[in-house]
Amino acid sequence: MKIFKYLFKENPVFVLVLGLCSTLAVTTTFEKSYMMGLVVMIILILSNLIVSLIRKYVNNEIRIPVYIIIISTLVTIIEIFLSRYSKPLYDSFGIYLPLVVVNCIILGRALSYASKHKVINSLKDALKCGIGYLVAISIIGLLREVLGNGTLTLMNDISSLTGYKEVIRIFNGNIFPNKLFLTSGGAFILLGIIIGFINSIKKGKEV
Amino acid sequence: MKFIKENGPHIKSNDSTSKIMTRFLIALTPIICFAIFKNSVIVYSYASKGFIESLHPLFMIIVGALTSFISETLYYKIVLKNDLRTSLYESYRSFGIISGILLALVLPPNIPLWLVSFGSFTGSIIGKMLFGGFGQNIFNPALLGYLFISASYSNLMGSPFNAYELDTIGGATPLSNLMNFNYTGSFENIVSPFGDLFNLFVGNIPGAIGEVSKLLIIISFIYLVITKTIKWIIPTIYVTTVFILTFIISKYIDAGVWYSLFHILSGGLLFGAVFMATDPVTSPLTTIGQILHGLSLGILTVLLRFLTPYPEGVMTSILFMNMLVPLFDKIGIKARNNIRNIIIIVITFILIIIISILNITHKLDKNSSNVSELDSKVNILEVKEDGNKKIYEVTSKGWGLIKADVEVEDKNIKSIIIKDSKDETQWNEIEKNNYIYKVIQNQNNIDKLDAVSGSTYSSNALKNIVKKVKIEEAK
Amino acid sequence: MSSIFITALIAENVILNKFLGICSFLGTSNKEKNALSMGICTSFVVLSSTLLTYLINKYILIPTDSTYLQTITFILVIASFVQVNELIMKRYFKDIYKSLGIYLPLITTNCAVFGIILTNIKMNYNLLESMINSLGSTLGFVLVLYIFSLLREKLETNNIIKSFKGIPIALITAGIMALIFARI
Amino acid sequence: MSGLKLDGKKEMSISSEIVDFSNPSRVYVPLMNGNTICACLTKAGKKVKKGSIIGKREDLDFPILSPVSGTVVDIKKCLYQNGEMVDTVVIANDMKETLVKKNIVSDITKYTKEEFVELLRKCAIKGMGGSDFPTFLKYKGEVEILIVNAVECEPYLTADLMLCKLKAETILDSITAIMKINNIKKCFIAYKENNTIVRDAFMEYIENYNDIVLEPVKNIYPAGWERFLVKKVLGIEYDRFPSEVKVVVNNVSTIYSIYKALKYQRGISKRIVTISGEGFSIPINILVKIGTNISTVIKEIGEYKGENLKFIAGGPMMGNAIGGDNLIVTSALGAVTIISDTEDEINECMGCGRCIKVCPAKICPAFIYKNVNNKEKLKELNPELCVECGLCSYVCPSKLGLRDAVKIAKKKVKE
């Protein structure tokens, strides 16, 4: 089944370990992580679309600055949209929303894939990568919040947009809300263990 | 009659790794016995606690040792997939027990048992097994367990007292008491509340289980050095650096020699130096590397004790120096035979010492006159007074500017009403874990309270408000 | 003043506490020679672009109330300084340029550079404070990069189980370092 | 210069007198010099005299002489002291000891330097302390100081000690002759300070020889190492060979063989070998013809004790345990040690740093052991300084084969 392939085969976060910079810091709550995953996916799709559209007119030297301009305009549009419609989410992202511009996945996919293939293929690839990224980020966000904070915020900051506020409290005992997962070190260790675990499963399957 | 074909030396020294580790355990036993004696026997006789409860430290040590042993056996069995017998033998050979016991000795006496097992489990598995098993870990597994516990359940860490010592002054270990007097103060208000230096030396003062009996630590240190079990260079240089640095500082704030002696005898310095810093796996091999290791440990501990809110500098500095061990060994190899490199190293270290002393003295001056710095951040617009209640209208610089009314009743802050915090971007974090209530609750030693992760500046702004109001009240 | 520097250097370390710059952190820290040269190039780019971005922001963006243009302008400033840095490296330090190779243009996509500048703007530091913050953060970046390259050399000789070799063990070590840095 | 005080275990083989086994029925001469293979100049069935050339080391034009007169039986593979099977010339001994040419020189000091060097090459005089290094190379250049190495720091070994006890005066004559020929200013005889037998043996005759000084050296292993002696006795360091600082270090048996070359102008054919160790019933010193198969001699003297034994060619520190006991005596083999195999529990390297403290060559065996398979890291640790004294493996609590790892690293760095 394809999802399994997305998650393990070429998942940008777990396998290629790309695009971690701006994302790990935001995954303290489940809602923020899947929102960030959505934002990155939308930008990825749009940027691949535009890049593959203009790939014939752009020669090799000025490729990087042009792509950067495209991506940063997209990000600014998203910023304006978010700051107008869901101010708390925009605030909680803080400096990490503009940082999506330098996210290695978007520029990476644009440079390596979109600039050489037809629009449909680059769109498919953007979708594949986007979903893989979204799934990975939300898994990390889920784990970090449930284990670290004992709660699961499905929709809180953007409640003004969707009008549905939902925060589930799962653990409240003294064992489980273990603040380690909220700290930055905990996130590193958690990610390391997840990637190690996936490697051992992949190795298990191949051999 | 069979002749074995083998090269290499055929007679070997009769010392072996398991002998070294058993000698290490023997050196630990007096401390364990004292810990049990002080924390349970006395408690049982004085504070009339139940027999089982007062044996709590003994259970802690047993649980610590058992969990690390079992977790390593499980690791060998499940992850490395060998049968039970070999994994038992392998885990016996990797001496997990020692780090389990060391972890238990470092923890305060009355913390829940599952916390001890959590610490020794994470310490052995993440700190040691994932790095490749015995002899390959970068960080000391016992200290790593301590780090994980304090990072994940700092509120459960509990107070470093057993029932017997609850009456000592206002719930402070010698070091945190020193901090309240911001590192200056006379012999009376720093040492005398704990008896005198001899008391510190013998060890009936509050503190983690294993750390307090300095006399026993020194005896086991001498035993370990005679039987050549540990690298004696690291502890000696570590303690002497701390002594010299605190001596210079005591000269600066013209306190007597007792000040540096106090620093050495308090907290986990001696225990950390003798048992934690000399763990052969996580300390440098070359002699010059060990000298550098000891030196930088000393400097960092003094820096941490004076400059950071955490009173206990030893644990973090040992862990920090574990990271730099490859660097010290690299220098040790290069500088082994030519003098020019050694001179360069000595100069750099003297420079580091001077910078750190200047830093500390600068901080001490700033502390004594810390009102000036606070003034720049917080200013009181006006004070309304009715009866014994006072309301301070205050503004404090966080990300933007916070306006608040602080209601004070006979020197105690009752409530803080925030009037305006529009450009405080991280404000919802503050509200989410009702930080204002916590600030009011810890108003007496406000420095101990951690800032809300992700919005350090607004939480500091709130803490400054409390500090400023307390100083106003104290006038 | 010095507290900003120390917190930027250790407590709020760019890599370990704010997660910025992990891609280059995992990429270039295998040999400590190019870890150091990578650090120096990044700090050159950061310091120069902090200066320029502060001026642009103060005298162009805020008066004309077009702060939403911040992202684009800052990225272009960084990209131009990276090109400048590449030219300098090519002419003066040939060998370092060869050994660093593809990682030099990657500085533009290095989140740490952009992140530091954004924090300067967000915390609305004045010029001196933002320079100190950039200096502290880049020194923190170089410090962690150098320590980590030494640790990775030691990790090469360990027999870690196959599925945890390479990236996972590097992440776990970085996590433990982050926990230690947070306590200083 | 660091080192380690080892339990000498010399008393085991010191008391007994030397037993003479110097005419075996068959003699095996390995075509080897140290570890370099030499060419064979005879074939089966050829008659040879004592001292006639049967092999040659091409690169140094260094002959291999036959220790006995008789007929060459054949050339076959036999066990050599480094554990490998090597081509060996087998000669049946006709017990006549007929010499190639027989003359006795009355005044042994009348050679010129060139004649002296040529004589040493012709008589195949080699280092008898275990290095098997052709001695004439050492005397080619100009020499100011001679150090005679009577230290014998390997445990169990007492061969040199017995030689000094019996032939102290001839050794001193040989030293004065060498000093006159090469106009050497001063000679030091280095011996272990607690070795009173050697000291008394030389004290008797030392007065009437000027410029020869008895120099005590601390009783630590590896005191007998060239670099160690030059540093301890003269306090100077050299890069690769002592000849750079105009110093020659010779083993005391080599000095005795030089005396034989000067006096009778032929190589030596006999040497003292110590057979000792817990695995042998009667530890003893034997005078034995070079090339005899030691197992025949052992069967006559006593028998083995214990089940799986280690039959070590040389001392327990530097020697290798060869798989069998039919070992051939060469001029460099000073002893045979037979000890029982000890099952020791091998553990991971725990970083205690003892091997680094104890290494006399000031290198880090622990790091070499860890980085044995990446070359550029090895180059920084420069393993070529190692002298293979074995102290690192001796002192390691986890019983790791550190010396073998350094040996492998040496080969890797050389390529």
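When the chains are written out, they are named A, B, C and D in that same order, and each has its own residue count from 1.
As a working rule, a contact is a pair of C-beta atoms (placed from the backbone, for glycine too) under 8 Å apart; a residue touches a chain by one contact, two chains touch by 3 or more.
Just so it is clear, the model here is predicted, and its values are computed rather than measured.
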item	value
Chain pair with the higher count of C-beta pairs in contact (B-C, C-D)	B-C
Centrality ranking, top chain (CA atoms only)	B
Centre-to-centre distance between chain D and chain C (centres being mean Cα positions), rounded to whole Å	61
Interchain centroid distance [CA atoms averaged], chain A/chain D, Å	72
Rounded Å distance, chain B centre to chain C centre (Cα mean)	30
Gap in Å, rounded to a whole number, between the CA centres of chain D and chain B	58
Two or more partner chains touched - positions in chain A	94, 183, 185-186, 189, 196
Of all residues in chain D, the ones touching two or more other chains	none
Multi-chain contact residues (two or more partners), chain C	122, 153, 157, 161, 164, 169, 172, 176-177, 179-180, 182
Touching chain combinations (by label order)	A-B, A-C, B-C, B-D, C-D
Touching residues on chain C, where the partner in the complex is chain A	16-23, 26, 68-72, 75-76, 79, 105, 108-115, 118-119, 122, 161-164, 167-172, 174-180, 182
Of all residues in chain C, those that touch chain B in their complex	2, 6, 12, 122-124, 147, 150-151, 153-155, 157-161, 164, 169, 172-173, 176-177, 179-180, 182-184
Touching residues on chain D, where the partner in the complex is chain C	370-371, 374, 377
Chain C to chain D touching residues, read off their complex	153, 156-157
Footprint of chain C on chain A - complex, ascending	17-22, 24-25, 64-65, 68-69, 72-73, 75-76, 79-80, 94-95, 98-99, 101-104, 107, 183-193, 195-197, 199-200, 202-203
